[in-house]
Amino acid sequence: MTTALILLPAGGALLVWLLPWTRFWAGSFALLVSLAEVGLWIETLIRFDFSRPGLQLGAHAGWFGDLGISYHVGLFGFSLWLVGMTVVVMAAAVAYAFWTGRERARAYFGLQLFLTGAIVGVFAAQDLLLFYAFFEAMLIPLYVLVGVWGGPGRLGATLKFVIYTMAGSLLMLAAVIVLGIQQGSFDLVSTGTSGNTWIFLGFVAAFAVKAPLFPFHGWLPDAYREAPPEVSAVLSGVVSKAAVYGLLRIAIAKFPGPTHDVRVPILVFAAIGLVYGSLVAFRAPDVRGVIAYSSLAQMGLIVLGLFAANDLGFDGAILQSVNHGLLSATLFLLAGGIERRTATGELSRLGGMARGRPALATMLMTTGIIALAVPGSSAFAGEFLILAGVFRQGWIWAVIGAGAIVLAAMYMLRLISAVLHREVGPAVPDAALDLRPAELGFLVPLVACLLGLSAWPAAVSHRAFAGTRAKQAVATELASSRTPVSAAAAAYQRCLAALEDAEIVITTATDPAASARAEKKLERGCRTPSGAIDVTISVSQAGSP
Amino acid sequence: MISKPHVDWFALSPEFVLLGASALALFVAVLVPRWARRALSAVVCALGFAGAFVAAAILYGRSAHGHPIIADAIVRDRFGALAMLIVAGSGLLAVGISAREPMRNGHDAEYYALLAAAGAGMAFFVTANNLMTIFLSLEWFSLCLYVMCAIDVDLVGSLEAGLKYLVVGSFGSAVLLFGSALVYGATGQLGLDRIAATVSAQHLSRDVLLLAGLAMIITGLGFKSSSAPFHMWTPDVYEGAPTPVTSFMAAATKTVAFVVALRILVTAFPQEAHLWTVTIAVIACVSLAVGNFAALVQRNVKRMLAYSSISHAGFMLIAVAAHNSLGARALLYYLVPYSAMSLGAFAVVAARERELGQAVTLDNLAGMGWERPLLGASMFTFMLGFAGFPLTGGFFGKFLVFSAAVDRGWTWLVIVGVAATAVSLYYYLGVIRAMYMRAELRLAPAGGAPPQELVLQTSVLVCLAVTVASFFAVQPLVDLAKHAGRALPL
Amino acid sequence: MAVLAFSAGNVLVWIVWLAAAFACLGSGVAVISFTNPFFSALALIGNLGALAVLYLLLSAEFVAAAQVLVYAGAVMVMFLFVIAYLGGRADAPWAGGPSWQQIGAVGAAGTLLVEIVVAVGLKAGGRLSHEQDIHRSFGSPRAIGRLFLTDHLLAFEITSIVLLVAAIGGVILGAHTRKLAGEKTQ
Amino acid sequence: MIVAAWICLSSPLAAALAIALAGSRISRRGAGYLATASVFASFVAACVAFFALWGDAPHDRSHYSTVWTWLELGSFSAGLRILVDPLSTMMMLIVSGVGALIVGYSVGYMDGDDEERRYFAYMAIFVFSMLLLVQSGNLLLLLAGWGLVGLSSYLLIGFWQERPSAIAAAKKAFVMNAFGDATFALALFLLIQHTRSLDFDTVFARAPGLSSNHWLVNLVALGLLGGAVAKSAQLPLQTWLPDAMEGPTPVSALIHAATMVTAGVYLIVRTHPLFELAPKVEDLAAGLGAATLLLAGLIALVQTDIKRVIAYSTMSQIGYMFLGAGLGAYANGMFHLMTHAFFKALLFMAAGLVIHALAGEQDIRKMGGLRGLLPRTYWAFLVGALALVGLPPFAGFFSKDSILAAAMHDGWYGYLLWVGGLAGTFLTGLYTFRMLFVVFGGEPSPFVREHLIRPRRRGEAHHGEGPFSMTSTVAILAVLSLIGGWIQFAPLWIPVTHWLDVVAPTLPHAEATSWQEGISSALAVGLGLAGLVAAWLVYSRRRVAVPRLPFAQRALEHKFYFDEAYDLVFYRPGVATARLFGRIVEGLVVGGSIVGLGRGVGDAARGVARAQTGLLRTYALAIAGSLAVLVVVFISVR
Amino acid sequence: MTLGILGPEVSWYLAVAAFLFATGALGVLLRRSPLIVLLSLEIMLNGANLALIAFARHNGSGAGQIFALAVMAVAASEVVVGLGLIVAISRRHLDLDVDKLRTLRG
């Protein structure tokens, strides 16, 4: 199932490249494939058992056994949601491109489909090296998509983008290698945790660039401005979530100790990014600038949630990732629509587009309002969870986050009113049409998803991690895999390091005395992992009602 | 009474096949009418390389236990056989790339004879087991290459390249020779394993003559593998030589240089590893820095690729410096996709060159990706492969090399490699940028429509296939490398 | 050894050695010092001859013979022929080029010399001072021939191929093709 | 009852969605009717709920209903959960009742506007949001409603979106409210951390356990108060309300007078168990109320825009409610909220009639002598004014005075507040009747002649004082302003207090005695009358000149410089920082570091390339030199 | 019958060899005429040859002499190719000056 999710778009890409389609048919076929991908995801959703912890729908095949590298994919609850967001946004992006009629359609649509496969692969990979491979494979189509179909400054933008991300990724490669060689296997499920802060920082660097996090966002403004709108949508909506996934699945899950040690600096950078992005977005001179910097701010927020390292933060980060993916994709597609009509994105030359264009006004207004996290919206739910989570790490983070909500209101309202309201701007021709039915065709589903999530955010947040407790899920995931002592000890260690206020209950099949022995063994096992043990670790939060 | 040593004819079969092809090509040059010379000699040469490939493959299969032969002059093992496989494959592809190369003075048949002869020399080189054989076979294929570089005697660049290669190459050889002499003086031995045995028996590992000799041998091999700071001939020669020759040099010469460097260092000088591993690591870093930095400012694509080959030498040196079995595996694996990518990239350059009738620069590459989809996509892949992106074998090459360094505990080398890769992106992606992202030139091809170069395109496709397949089929390839690496005392 | 050191033969050898060595060094310096390559080539012949003497002192009779016959004879004749063929164009400026290049050249060569001499000197007091005694036939054509056909059979064959390759190369590079002339007229 | 409550909540939402989805397939008028009908349906449902609740035993009047889990907060969840209890039903009645009237009024008021449909959709969304706010069964949903009313307020203030001033006002309102939302949310984080729940019942049950932590309870209460202050335009977040008058008049009536702005009072009453744990914050709330009522009353004296005068009076009246709620007289505060909804809506809608009649003019200096021209409007306005001033038997009298009485019980601080409140009644009388006399008294001004008398003479169509939908609703509200207060006359007749007792019992120290009620009433009525008389003397008879106090005049006209101060302290530094970040940090540091790095690499690259001289000898030299170094190293290191 | 060595020890020969090698290297690094550069290379190879033969004498093994003979052949081959190149260059009417051959650089 998971493999099918990866291979369907990849195969589609090959077909688009290799067969002599006309522009129309290439686009149609790509759209069909991406819609089929959405269907496939829904099928996956139905098959997925949210009550069961651990990896589901996994697939495992040998690849490079010498170094313990294998093709191992599978989905957790949260990855399923990220995949869902991806396929929806990608379908919308393909639809947008089809509607605008990109030149060199075969190359273009093939790359889009390939990109879809790579991103889904990132979210599904359960092997470090496979993850890295997908992570990099993601970059290739993006590079070309921006570089070939982008705006006039695309060459510089792609260069910056690629050098930045690769500098990060290569550090990650170093980290992957060191970790994998130390562990003797690259499998994410069966290997234990590590306490090496440098390796941890290698991973964090890559994800910090990809997200991006302040101050690694130097590539962001140019890339988001110069890319074709639908690619910007994918970049900020989907690709940045690969970083979120990586931080959660690798940096936090595999490095409980370093996560704990380096948490404060990371939170500081995330908070700075949040405020900084919001402020710069407030002064950004163009539509895409506002969205771009708001993305920076939002990623800071999501990282705050991740490094809150508690269930509220995790739930919130996943929810907010899905939200932000849909939101910024919608906003970028709308920005694309506006730019097509006015040939500019400069706020000072826009204005008054609401009059006579109710569909455009409604879409932009709705999306913008959700984006500024008006209470009751899905974005609000996500931010609320994140801030409630990070509140436990210190009130200051939540205060900064709450302040950022105000700033978000400022920049989003500025954007909305600069485009829709006031007098008609000099760049807005009277003939500029309202959104066409085709445009509504891909915008409405996105907005509908957002409204649906607003009505029921728990659909995602409650189902991102099995059971009621996110971290319990993380711990159980390890314990329920094969339980060599190393893995169990790692789970135990992770619990110790990451759950300050948790009780850890260790039970074995036999009796309480055996449990006590097991605990001793586990403590020892943290230092010298060897042998095997039959043990289940469960976690409960101290003082919970 | 002279008792001749036993000759293992089978072990020499690849060399004989190639020598035979070379000789046949020479006959063609003399006996066959001018119009048929080019095609016939190309076919002969291709058959020679194909035969050598098959022979090397069989040899690989039947040499599970390496042992020296012919009075210990050479050794029959899988390590050498695998290198022969790469050389033969590179030669075959080089023939494909050469097929339509305009040889202005009609020396086609001689060219193919030299190509095959160079292949044979390399085959000897990779199996050589004593310093004399090494020096002689090195000179053998080097002389072939000197001539091939300069074969386009009409072109000043070609002559210049030939002379530079000859002089600097001879200088390097002399250094290697003097080093061999010193080692011979210190140990009294020429055989690689005997040197090691003598050193350990007489506790010579800190002997000054031996170490001075080692330094000179490293220098000589560093020259051949175009590692900085012994690299300086590389860009000039790669640029000036006819492109098919460049492609062959980039792939095959590099392969054999590294294979032999590894063999010498680990077989003859294991006791001096504390010195040469660090030295090689430093050379690796310098190569990475020099190759990448210099490549950044190049406009000429061939020259850029030459610098890129220097930086790749840096990566491969990391594997050598690791001095462990993983390093040997990494090196042997790396060479496969690297050779394919180099051959492919130079093939694309050759195609473009013939189309334009002038040197290929980043500027006149503009729009090529769209005009020539197959070549463009292939070049795209090769560049990504050089840069170490996944879905190409270049990724696993770097991965294995870095793993070997980590395995040795030299994480700092990985960091250097990573930084170098980041820099290298600029120029690799620069090629893609030129091909796809700039406005098309729509240059009128020199002399009418470009000929449909089926042979060359097939070669490029093969390179592409190897590049990509080595990513997915990494395990089988590494298995080959692993068995080959077992022949070395690691 | 100590006895031998005072023998007349030993003194004679010393004298011969000194003469040959200084001839060798002097002619070597002369080769790289002459402006005219013709004189350089002549100096090299002298150098090769002096070397042959040194070879003889080292009991390498066959090599010494080959040196004189093959090297000083055949190879140098070819050299002289080419120099004569090129005529006055063969004259070349002495050095020139960037000053750092010249300083570097002298520095590098000097350092190398010092290094090797030091390395040899470090060893001279130890292992290098005790030469193996050798059989009288050492270095004789017979012994060399035997070695060529047994231990170093392959080297012998390879050497022949190297020469062959060089011959082909010489032909290709030196050949005066008709096509070339045709092109020049275009 | 539960079903009725759900219907009450969902019917405006359904109407809004219907209008939005139908687009131009529904006529403009149809949209108005649909919205009105939906809100009216809400009202009916609210009535049903009310009577059903009436039937329950007093201690059994809290009913929760959850449809689904809205948000999962770790070990506990916040459902989409409504609460039907006396307090919420009271608010439901006020919101849907007044809402229905005002939406109905809008049908006439907005007639002919291009984007009527959008207007009614927004109005319906607002009513839904407000109902969500008052009906929510947990704090999270309350916050959602809280934000959504802010949103609809934003949408409606900026309804005339071509006007930059309207858009600016809308943004200002939203941002200031967002500030309140933020403090509100922070309070919720504290609650989540310490009580692990946001449901009212659970939180209130666990709250006493927190009382030992003074910091905690004070911070929670402060956070909630921040939200309340922002929403209700109290000091120090009051500046958005006057600007909000840029919206259509019915919007001002509904949102910025009758319902939304009073939500702060509702919040305090609803979360009183938390406030009671933090008496200091309660006192602060009362003090802020008193300060605001005085401040707003003073500023109202110099305003020339008819709607702004009423807006300041709203601020001032909400000050009273805060005063009551802060003192613990919750029922009194809620009662005043109700009566205020009636008479303030009435005043706005009457003012709306005036504005409607004068083609959108809002400056009272251009008005005058309208009494004869718009007699029914005059009477309605007069009823509203009297109710506002609090003269018996009008509604304001019953509700306002008991708040003042409650203040007297609270020691010196209480007396201080009491005095402030009494001073406020004088101001109320003064500014209300200033407005009344200026607008309706005297001779018609030239502007009025131009717009009202001349068209009539020419016989041009003018449908009386307004269409039926407008006049009828004004009439209903006038009646309510007259009799609406009669349902409670403390301390003799207090059904409202009893009704709310199960939810928010009045604190003992806010229970006024009869003499306190009496003396407060007498003084308040007296001072109100005094203000009226003063206004009559100054503005109608013109016997007394306005004292010339240029400094005070300027301070009042600048609204005590709050806008300027906020601009100077928050906005400008914020913008400056943003610009600094955008230009310097972003341009030079983040972008520049890359450029610098690139330049450095480029220089190095050119250097390396220059070393490649093309001279063969250099290449050999590189080899020889490296070799020399290598040999030295090998020999010396060994 | 075995023989000891007469005259100077091997180290002295090695010193001469080193001097020749260095002289040759200096010639390559310093001279601009390709002919003299080739001659210098010959000197370098001869230096190495002398070292080989000296060591062969020192070790009493014939391998060094064989090696030296092979080197002679190799040197001859290099001369052939080198002279061929020089002739080709002169035929292109280029200056016989290695410093003028710098179209390829950077």
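Each chain gets a letter, A, B, C, D and E, in the order it is written, and its residues are counted from 1.
To be clear about the criterion, a residue touches a chain if its C-beta (ideal position, glycine included) is under 8 Å from a C-beta of that chain, and two chains touch if they have at least 3 such contacts.
Note that this is a predicted model, so its numbers are computed, not measured.
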{"item": "Set of chains whose contacts include both chain C and chain A", "value": "B, D"}
{"item": "Chains most often in contact, by C-beta pairs", "value": "C-E"}
{"item": "Farthest-lying chain, centroid of Cα atoms versus that of chain A", "value": "C"}
{"item": "Farthest-lying chain, centroid of Cα atoms versus that of chain B", "value": "D"}
{"item": "Centre-most chain [mean C-alpha coordinates]", "value": "A"}
{"item": "Between chain E and chain A, distance of the C-alpha-averaged centres to the nearest whole Å", "value": "66"}
{"item": "Whole-Å separation of chain centres (CA-atom averages), chain B against chain E", "value": "26"}
{"item": "Cα-centroid distance, chain B relative to chain C, in whole angstrom", "value": "31"}
{"item": "Distance from the mean Cα position of chain E to that of chain D, given in whole angstrom", "value": "97"}
{"item": "Contacts with two or more other chains, residues of chain A listed in rising order", "value": "none"}
{"item": "Two or more partner chains touched - positions in chain B", "value": "132, 136, 139, 143, 146-147, 150, 153-154, 162-164, 167, 171, 182, 208, 212, 235-236, 297-298"}
{"item": "For chain D, residues that touch 2 or more chains besides their own", "value": "609, 612-618, 620-621, 624-625, 627, 631, 635"}
{"item": "Touching pairs among all chains present in the structure", "value": "A-B, A-D, B-C, B-D, B-E, C-D, C-E, D-E"}
{"item": "Residues on chain C engaged by chain D in the complex (per definition of touch)", "value": "97-98, 101, 104-105, 107-109, 111-112, 115-116, 118-119"}
{"item": "Chain E to chain D touching residues, read off their complex", "value": "25, 28-30, 32, 37, 98-99, 101-106"}
{"item": "Chain A-facing residues of chain D, complex", "value": "20, 23, 68-77, 80, 118, 129, 132, 140, 143-148, 150-151, 154-155, 158, 161-162, 164, 167, 170-171, 174-175, 178-179, 181-183, 185-186, 188-190, 192-193, 196-197, 574-575, 577-579, 581-582, 585-586, 589-591, 593-594"}
{"item": "Complex contacts: residues of chain E adjacent to chain B", "value": "14, 17, 21, 24-25, 28, 34, 37-38, 41, 44-45, 47-48, 51-52, 54-55, 58-59, 61, 63-64, 66-67, 70-71, 74, 77-78, 81-82, 84-86, 88-89, 91-92, 94, 98, 101-106"}
{"item": "Interface residues, chain B side, partner chain E - complex", "value": "131-132, 135-136, 139, 143, 146-147, 150, 153-154, 156-157, 159-164, 166-167, 170-171, 173-174, 177-178, 180-182, 184-185, 188, 190, 235-236, 239-240, 297-298, 303"}
